[in-house]
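Here subunit A shows up in two complexes: once beside subunit B, once beside subunit C.
Right, the complex of A and B next:
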């Protein structure tokens, strides 16, 4: 048990969740819980960075490799941004103590998932990171549409989790082990292929990759954008890390393994981008665009070991601005036209949102461009020329709909816009996100060195 | 390298853009003074660069630093004569655009900020010698240009702006795939290193050339990828039109010269016939459509398609004469078309119409404006002694002495004839004759407006009379390109 100290970030997060839950006993305002939770999340991120990589823990059940460390820090930092924002804005007029605690539980799950090297640990941490998300999505109990979306999310997610569990049982049956070191399915022939696909179903649904994305638009559009800001981003980073590692452990020599991933990638990119285009609700648009971004990530995942770091880097490059867009949708209203006149009402936020949206399109010099550059490079290197051509063509389509948001913010008008109060903590969250968006791309060199990205 | 001159030239406008935005839209005076000062300092620095430039030394003022060493991305800037000509044009036109739009009332701080941000991208593209850096600057120009058109443009500005953005983005994402493919083959993102290494398989070159072609040809624009250009030009405000035609189009042809030819020489030879055909079609098509226009600005826009055809024709010839001609047309078109767009804008401000039929008799009512419009038109149609002639002549000589079918020279000559016809017809209708009601009450150009046009007039005459003033810079550069191609 000498390695327990390496889990300090997870303990901090869990402890923070409990403190946040009861903090309003001391102070009557429940928003203070979110502030406390943000402090814990930030501490966890710092701790994760300080602790750094540490090899295998607990007999190989966890592995703190470089990607895991990067993901832990990113998850902690992004959760900090979200909690800071909640501290300033609250969760749609409801009590936020529970929301803060739920988010931190989910963060703990995400951090464990990012370092899991054992099927049981993976499954438990996957559920730990997802179950709080169901609650967050249906956080307002008097909102029928939100509950419907949350229920849909819950049912589909449980179903696919069980399919995945079924697949994991095959993997265990084939290899006789649950440790990543021994679960290569290459020798198992067709049975291995079946197991591989079954396991992927669960992860695809969590990451909302086609064809298991159906829950996403309805669930997002039903929920509060502020909740979606968390659910659509932080668990996704962990999910991508889990996917990369699991594929790396199971897939070598499985016939057609990368084919499955590439086909799902192409479907996700095309379907997500085309479906996002006509949407007039920011949440639906971001839901479909999330499907598309998952598609890009799957492309790198299918590219094998070189693609792993690129996929994880891109997951972060996607999650950071995407969270901010959702927060903005919560503040200004979820309809596309609600952003109208933002540039004159809140110029600083409007310019920041320009950086976020350009990052999502992949325009340099913001982080999204560099994410796409590395991702496409790994995919071209793996020989996926045609899928990459589809991907770049689709990113032009994505410029079409992201620019509808920019158009609305800078050129549109809106009467009766809500007066959004200035809140230091919410502003801090936006600043944090914008700095990451602007700087992580240009100054990525140390991060890439850390992730071991080479082509 | 003691003083990072190129870095300062590229990024000074970025600092300026931030500085301009600070006073806010409420204080236009501060914004425009800062903007003009920054652009002027930048131009002075470019002038200093030009004076210190050694025409015999090839690539110089190089600045090289590791940026993302893990994937071989470097921060690499350098200039040769070709780059220098374009950077000088970019710095000059930006300053003139700022002065010409001095009285912008709508969101002035944002306007000047966007102009300076645009200059960052324009300057950067021409001096970046690393592919990723090049691509960053290449895409960077799209955003300010989008806002310039979409915020300050004409009635259909939003449509025109997004069309411009998506068209050029569509081209450039394929270029990105080409860049990635090249990187994976050569292990570097350095443009010069790639060109020197050479040795890429011809079939591979062919595909990469196709990818770059999409990126560059949309920007130039080459027929049939030009349809964004008339929309963008007609809707764009004057200053944006000047920079769009003057600099942004040149980024495409510069890309062919700097990247496609030296790095993919075998493919360039294979593609040259096709390029020449498209170029010749662009020349005649642009001229013919320009003929039919009733809107002055649209006429100038289509004439740009025609002129850029000469650039492409010169490039396709793969001869020293043709390449020199291409760069000369690029430079001259930037100067002359800039002048035309400024003048059309100045006339429009007074008459509130750009319809040719409603404007006539400028020379009798406003002789300075009329005379300068006639002068710019002559320069544009390629009158010997003015700058337009130099490049068109050299391009045609280049094609004549190359492997390409000489018939394209004849086709292009028809384009020259058409250009003379539509330009003279424009002069006849707009400048000469009795003054129309719209022209009756207007006043002539102000001193400030004349000062905006004066440097362009001087350049037009200088380059037109004393060719060597431009060619001494471009000739060593294009010869270096041809040497890298293995002496075509």
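Right, the complex of A and C next:
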């Protein structure tokens, strides 16, 4: 118990959530809550970086290894960017004290999920990171469509969570322990395979991977783009870390384990990219492209523990620019044509968005390229030649729809575009995201070496 | 003395739970039925206690009598517009009766077939004390996390249902 101080980032985030909830009592403007929450999230990210990797906590229920440190810092930094943006823009028609507090609760859950090495801790922190997301998706209480999307998300997510819990009970029954170190499904034969697949159902649905992605476009298109910016990114990073750890603990000795992951990966990549192509709503397009990016990540997860660092790195490389695109969709309007004339109205934002979109396509020198490079490298090393060829082809397809956004921003016209107010904090969020996109691109190989990737 | 007291208690509780179940089905008032359900659950908790399954009895009271029955009552009372609506017709549902009989038969069959396996119960069952010690030492982290999950759900629920002057 002496090492509890290593959880200072989580304590900071939880304390920040409570402070943000009541901050507006002191000042009448509820947006100040988001500002305070951003300060706490930033402090948590810095604290996580300073504390660095350490040993196990609570008898091995948490493990603060290198991947956990990276995920905690990334989750904290991304949450800071989102809260800064909310500080500047607010939530249309609603107060944002609760949004800020709920986001911080979800951050705490994500940070713990990223270091969980015990089935019970994993499940509880998974719920902690997703329950606030349900509320954020339907945050505008007068908007029937948003509530419908949120309800759909809630019901499907709960259902798959329960399926996962059912699978976890099988894993516990087979192994006799909930600790990752003692899980062994190999001896159980077909029952082990069933347990493996049931557990994956829950994580696949949370990450919106192929057979369980149906809720994503409807839920995203019903919600505010500003809320989707958070829900589609921060919990996903933690989800990928949890997936990598769980697969690492369960997959050895389970026949066909990596086959399941690779098939889901190929389906997600093909389906997500082809379905994203004809969309005219940025939220729907990003929902489908999110399915595709999850597919890339699953490819590395199928490669076993060697692919873990690349998968986690790519989860961050995807989440950072996609959050910014969603924020832009909230400011300018959700339709693809709403971006028209962005380059003449807000040139700095337009050029920054170029960097984000190039990163999502995977073009050097931004982070997305290096993410994909290492992702595909680890998949090829594991012998998945054909799936990687599909992934490369699908990346080219994805360039098609991302370039439609760029074309709209630089060459498109729009009459009666809304005048977006200048806000220092929202601009800071965009700067922070752009700096991360560029800096992680430059620092890709040291970061991956830190994560334990073998080059 | 040592034998007759638990046996007498068992008969009282067993009759209470069976009688409560019959009364629940027989009453025409939905609210009364919900209260009979509560009574059945409490009697079942008493039977668990007699079997020295203390934790199970506690969970039965907390979860079933505390949460499920109260939720049922809330749902019934919030959806009823007038007091008279609580009184319903009493149609004889043959289908439901058939399903219930099949279920009972299945359970009796399983009990009869697997009696030897059921007989191998450990001599002593860890009590609530041992359970509590485990929960607050080894499993302290998930326990505390669960309370934060509840807090987050509470904040979300208040936000969704709250009025404008929140």
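In this section, the second predicted complex is superposed on the first by the 453 of 455 C-alpha atoms of A that agree within 3 Å, B and C clash if a C-alpha of one lies under 4 Å from a C-alpha of the other, contacts with A are read in each partner's own complex, and residues count from 1 in each chain.
In the analysis below, contacts are C-beta pairs under 8 Å (C-beta built on N, C-alpha and C of every residue); 3 or more make two chains touch, one makes a residue touch a chain.
Quantities reported herein were computed from a predicted structural model and do not represent experimental measurements.
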Which of subunit B and subunit C A:59 touches, first, second, both or neither: second
Which superposed partner A:132 touches (first subunit B, second subunit C, both, neither): second
Partner chain in contact with A:422 - subunit B first, subunit C second, else both or neither: neither
Partner chain(s) touched by A:396 [first = subunit B, second = subunit C, both, neither]: first
Touching partner for A:120 - first (subunit B), second (subunit C), both, neither: second
First (subunit B), second (subunit C), both or neither touched by A:410: first
Which superposed partner A:445 touches (first subunit B, second subunit C, both, neither): first
Residues of subunit A contacting subunit B in one complex and subunit C in the other: none
Residues of subunit A defined as touching subunit C within the complex: 14, 21, 57-59, 61-62, 95, 98, 101-102, 105-106, 108-109, 112, 118, 120-121, 124-125, 127-128, 131-132, 134-135, 138-139, 141
Subunit B-touching residues of subunit A, taken from the complex the two chains share: 354, 358, 363-365, 369, 373-374, 376-377, 380-381, 385, 388-389, 392-393, 395-396, 399-400, 403, 407, 410-411, 444-445, 448-449, 453-455
Subunit A partner contacts - residues on subunit C that touch it in the complex: 138-142, 145-146, 148-149, 151-153, 155-156, 159-160, 166
Residue ranges of subunit B in contact with subunit A within the complex: 66-71, 132, 135-136, 139-140, 142-143, 146-147, 150-151, 158, 162, 165-166, 169-170, 173-174, 176-177, 180-181, 183-184
